[in-house]
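Each of the two complexes below includes chain A, the first together with chain B, the second together with chain C.
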Partner chain A sequence: MSSAPSRPAAAAWVTPLRSWAGSDFFVLVLSAVYFLILTPLAPGFASTGNALSLITSLLPLLLLAVGQTWVLVSGGIDLSVTATIALTSVLGGLAVNEVSGWLGSGPFAIPGAILLMLAAGAGVGFLNGLAIARLRMPPFMVTLTSLMFFSGVAVWLTQSQPIGSLPPTFTAFGGRLGWALPVAALLTWVAHLGLSRTVLGRWLYAVGQNARTAEVSGVPVRTVTVCAYVVSGLLAAVASLFLTGQAETASPVLGQRMLLDVIAATVIGGVSLYGGQGRILGVLFGVLFIRLIDNSLNLLGLNFTLILMTKGAVILLAAWLDGWRRQLARMA
Partner chain B sequence: MDIPGRRRFNVLSPELTGIMNTRTFLLRSAAVVAALTLAGCDRPEPAITSTPTISPGGADPLTIGVAFETLQTEYWVAGLDAIKASAHRRNVRVLESVADGDANRQLEQVKNFINRRVDGLIIVPKDGKTVIPMIKAANAAQIPVVLYNRPSDPTDAPHTVVAPDNFAITKATVEYLIGEARKTGRKVKALVLLGDLGDVNAMGRRDGFEAAVKEAGDAIEVVARVPTEWKQEKALAGVQSAFQANPDIGLIFTSSDFMFPSIKSVLSSQGKWKKVGEPGHVILGGFDGDATAYQLMKDGYVDATGVQDVFWESDQAVQVIAEVKDGKPAPARIEDKGFVITQANLKELESRMWGAQVANRK
Partner chain C sequence: MTPVASSHAPVRLQFDGLQKSFFGVPVLRSVSFSVRAGAITALVGENGAGKSTLMNLLGGNLTPDAGQILLEGQPHRPRTPAEAQRAGIAFVHQELNLFGNLSVAENLCLDGFPLQGSPDAATSSGLGWINRPALQLLARNRLDLVGLKLDPNTPLHRLSSGERQLVEIAKALGRHPRVLILDEPTTSLSAPECSRLFALMRELRSEGLALIFISHSLSDVLREADDLVILRDGAVVAQGPCRDFSSQQLITHMVGRTLEQLFPPRDSKRSLRQDVPCLEVRNVTQPGIVRDISFTLHSGEILGMAGLMGAGRSELARILFGLDPHASGEIRIGGELARPGPRGRIQQGVGFLTEDRRGDGLSLESSIADNMTLVSLPQLARTAIGWLDPTTLRQTVQTIRESVRLTATARDEQPVKTLSGGNQQKVVLAKWLLTRPKVLILDEPTRGIDVGAKYEIYQLIHQLADQGAGILVISSEIEELLGLCDRLLVLAKGQIRAELPRAEFQQERILAAALPA
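Our next item is the complex of A and B:
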């Protein structure tokens, strides 16, 4: 048979291919290929200004995706992040605006407003986690209900009015890359360490893999679950700080359309929707890929509907490639 | 901790074993940021892929970036089409973007246009506040900005607003409706559908309505003011509730024509969907002049609507950018006086009603 001698040759290239396909860098390579293809087609895609704009818009999505990763790894899902963004943005705006801010214009106004936002974000996460862990309610239902409830609270607090007149120091957190980038990088790094180097991280994977087995093994499943949602809420609050700063406005509809991008970025980044699987580095690449698509399609000057269709198709293709490479990696 | 071994753990075992170390993570993350920045090292601007056009004078054609917040209603679609038609007539290239209601995304899209070094920007902002950073970014790049149909909140950043006089057009429309109410010889109960009160257009229309009814206390009693946030479902629920509380409502004004289907739905269910002049007719008026309103007026159900001159506004927006590029100063505001279309003047004015053109194209 002629096929028999070719087997060793095939194994020689299949093994490194499997190894590469299973690595976090698969999505980065996909992003690089996409970048190279689109550069001649999308004017301004490879300019410094566009790179800075891309990084600025990438940071809030990165923080949301990192928070979502903690939750997904633990076997849950957090659909309430956009409501957390809206609520914390509105609270921060109401606290710090220069016209009628609750905290006035003293030296503690801005730190106070940021603390309020972080506390509100953590609070939403805590309530989600508590309902899921203690009341054993499905994460999908709990966070969907939170999404509706806290979006409603944000609209009610502002009566649908966006809040302007925010102090420049407050908006600088999101508006200036020099401030936002180090904060986002630090938080991403800490989240990475938390997942990969701490006992809590190991517990999260264990709970996501099989909560019952983890519990029997002595993992404090409820505490771990609550922690995951609190981290997601906290990071959503920081993302809200960035988005509010970029728009120089606090708004009850801020970030309303980001949920799909967050889920897409985490899944493309290798996080399993079934729990127990995923790494922050992969998510970073997933976020980069999603932002590259959005950015390039805008620069192409395509019709809006065509952009939506193309984005959907590219994400689907990336998800399919991701599934394929996982299958390949499992065969290793 | 002892984790039961499973197939997928074997594949991704690093998750449970400490995975990559901190230094590796930092190095890899830094590599991504560096790659992005290096990729951004200014390269010669690639040629635009569409066929270049040359203006009659031989100069390079202008390129304008048109950033719409939404294309959710017919009005915005007609506006975008009218801008493109006006630009085409002037040999101006149009790049378009739609932010799908996301102010941060719109800011990024505007920055994309700036990075592409467009000659001017026409923006329909989400609201009057979030557009201010966009105007500032365009000012910093010395690109003229026109806000189409939605003004910004007060700001020092120079820009031009092309917008309808919502107050005057609404007041004139509602005054016509009040005149119709007076003809009934009784005091008529009225319902008003308000827009998103974060939108200055909605506020202008609300104020125009209130100014008109304030002078007509003898003929009109406003029994319901429904905030719709420009959402059809809220309009429907609001009209239903209002009719439950006040079944004898005899006049409805909607701050945008796109909410007429909700009104029709409720009136039909109550047996009150009657033509003008028929017994039991509820006096109906709106704002915009869209295709639905045109059809309903043509069919005899709607009494009047205030019309924004979309074609004129679009032409003015493109013209301002062309003039600024020619060195002329940009005006701060260009006001569309609009007009009121009624059952009496429909045939005479329908050629200027954008909704009529949309309806006739279908």
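Our next item is the complex of A and C:
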């Protein structure tokens, strides 16, 4: 009834609140709040050493989430990334190990192994994309079955044995922060620019929003779809390089439990599961938030099952807050 | 058809000084009028005139700031849509509220299934076993109300749009309403389906129901309604018996200014270049869709395509744009053989405004800017990797939105779903104008758009033709084709049945050719 007279007073605080609620920085603020609350509780949470370990564990997840963002924006989903990690890790290990590596120990062994991993990652993505775009199969089914299939291939290739004796130069790529951080930062930056500043990026959003309109508007829908999965596969291969380096062994079960973290990080970072919406900056903060939770709960000395339960609850809370702020941002 | 309702019929519904503002902006300023029982009251006005707000007040979605609604003399103050429904207000919406995956019978009884043990009492508690035989019976009774003879077990998605519209009305009638509101009921109906709907409306009127008919089709309104209420800027600007209004007066009241005519004057000789064909179609055939289609579209020409729904016009448009295949025949664009797919056609300078604006014309959730630039992104990119410069994009959008006269209040980054139909269509036009098309195919360019915005879209079409583009217009409104086009093709059953130059434009000849022999 009295909406008209009270309007000027309301507008004074509603407008900045709305613009803040609509921005990508919401999750960053959420992370900061979480950090401040947990610092006095978790011993060593705010130490430099912990920050480094946090960043180390954050980078592979970041790369996976960035790839997933491309796919989600195009209106699909990529469940096969953890299988891609396992497959490429095993292929890299088989190619470059010092005992029986396919590529021996020449100067081209390590670049060759990395290229092989990237090619395999891109290959898995290409197959996924082809099945989805050409055969018009649902992304969920295609990537779920390729998750099963390539996990199987990775185990079969190694007879479920981890591969050790990797050359230190090879593991340094992922294991040493001095390498991994700039590489991950560069790839994230390029993926961000690709999505926000190029024709391909605009096309990805268009296909994710409304594929029929995109087709009528001359967007090469199938090529764009395949591109998204290839990028996801490529970034999964790089994540695999990092994880293999950190573990100093190639393993067919590497990254096995990361899939739900990837999905949670992207969705909390503001990417829509229905396609056409999401930005890399938000995803960066989503990844930070997920890894902060993991890290702090580890420091609290909780056991594995308790960590899982707490993490589930915190993510649910974050998703609820996120829904609330979206509503706030939408209010006319 | 002379109205049978006497002007002394009892008042069923009365709006009395209704006012409503949103954030201090008045959308209804003291609206008063009455709706008689046993009469069809047409409510017309441009988009944004306040029709939807008025209906939302009646339907319990909103509450008025001041004034009241009287239903048979009693105050009607619904707080929820369910309350309005119980009071006897029934809506048939433009976007149908039906479920394609359920059967006709289930759709009809969704708000209260007859249960085992109590076949008459419909409950909505959601518990209990459905009494299937009683459901059949109930559904059949309701279908009889609208004269639909079909098996109630048919899945709804198998029905034509006309049949769905009738099911929706049957569902509304099943609640024994006192007032029935039909909001744009004819937008997706073919001509025979429309006349069937109008016959039903007349029947319901003679049974004493009060009907409110909301429509953009002024000829339908003047032909079918008894009373007329014209809204403009949230106020009633004119009301009275329909026979007191001419089409011209009606438009003047709605728009608030005198439109010279419905259509901008067209001097085809000025732009038409008979010697420059821009689209040549030779013997194009696709079995079951179109047969042996041949015609030539010239530079600067506006060529109309008339026909009934299902004559194959939209299907032909999709073939011409490369979205659907054709088995034989040849399509040439600017003398050159058509390149495959929509991408190939766009490269050759063809544009296509589709019939289904929401389905494949726009990305509703995307911004105005993103929608406008979608087709021309490759041209706007600077380098081979497709780098886009935000400043270039912004300037491009700025220029084109001015030239299509998009409403100045909309921001570039606003989602297009927040725009009115007319402005949405301007966004689609802007999208294609940015490509500087040589051939533009327009399928129902003014569907669901108010009179003022229609005029502006016609002007844009003229401008484009004057600049040398060839334009193919498909429309179900014959008046529109007569007013806009230089030449007409009439399609029936997938074939061209007649070709008429402007001098021979006659509604009767078009209809005769369009009707299947």
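Things worth noting here:
Quick note on the criterion: the second predicted complex is superposed on the first by the 323 of 332 C-alpha atoms of A that agree within 3 Å, B and C clash if a C-alpha of one lies under 4 Å from a C-alpha of the other, contacts with A are read in each partner's own complex, and residues count from 1 in each chain.
Keep in mind that, in the parts below, contacts are C-beta pairs under 8 Å (C-beta built on N, C-alpha and C of every residue); 3 or more make two chains touch, one makes a residue touch a chain.
Owing to the predicted nature of the structure, the values given are computational and were not obtained by experimental measurement.
Using the contact criterion defined above for the overlaid structures, shared-chain residue A:276 touches chain B and also reaches chain C.
In the superposition on chain A, A:288 contacts chain B only, with no contact to chain C.
Which of chain B and chain C touches more residues of chain A: that partner is B. Contact with chain C, but none with chain B, is seen for A:220 once the two complexes are overlaid on the shared chain. In the superposed pair of complexes, A:212 makes contact with chain C only, with no contact to chain B.
After overlaying the two complexes on the shared chain, residue contacts for A:253 are found with chain B alone; chain C is out of touch.
Look at A:200: by the touch rule set out above, it reaches chain C but stays clear of chain B.
Chain A residues 197, 199, 202-203, 205-206, 209-210, 213-214, 217-219, 276-277, 332 lie at the interface with chain B in one structure and with chain C in the other. Of all residues in chain B, only 1-4, 6-9, 11-12, 14-16, 18-20, 22, 25-26, 28-29, 32-33, 35-37, 39-43, 45-50, 68, 71, 95-98, 100-105, 107-109, 111-112, 114-117, 126-130, 132-133, 153, 196-198, 227, 229 touch chain A in the complex they form. For chain A in complex with chain B, the touching residues are 22, 24, 28, 32, 35, 39-44, 46-57, 60, 159-164, 175, 181, 185, 188-189, 192-193, 195-197, 199, 202-203, 205-206, 209-210, 213-214, 217-219, 243, 246-249, 251, 253-258, 272, 276-281, 284-285, 288, 294-295, 298-301, 303-304, 307, 326, 329-330, 332. Residue ranges on chain C touching chain A, taken from their complex, read 21-24, 65, 321, 323, 342-343, 345-346, 352, 354, 359-366, 370, 373-375, 377-378, 381, 385-388, 390, 431. Per the touch definition, chain A reaches chain C in the complex via residues 1, 3-4, 7, 197-200, 202-203, 205-206, 209-210, 212-220, 276-277, 332.
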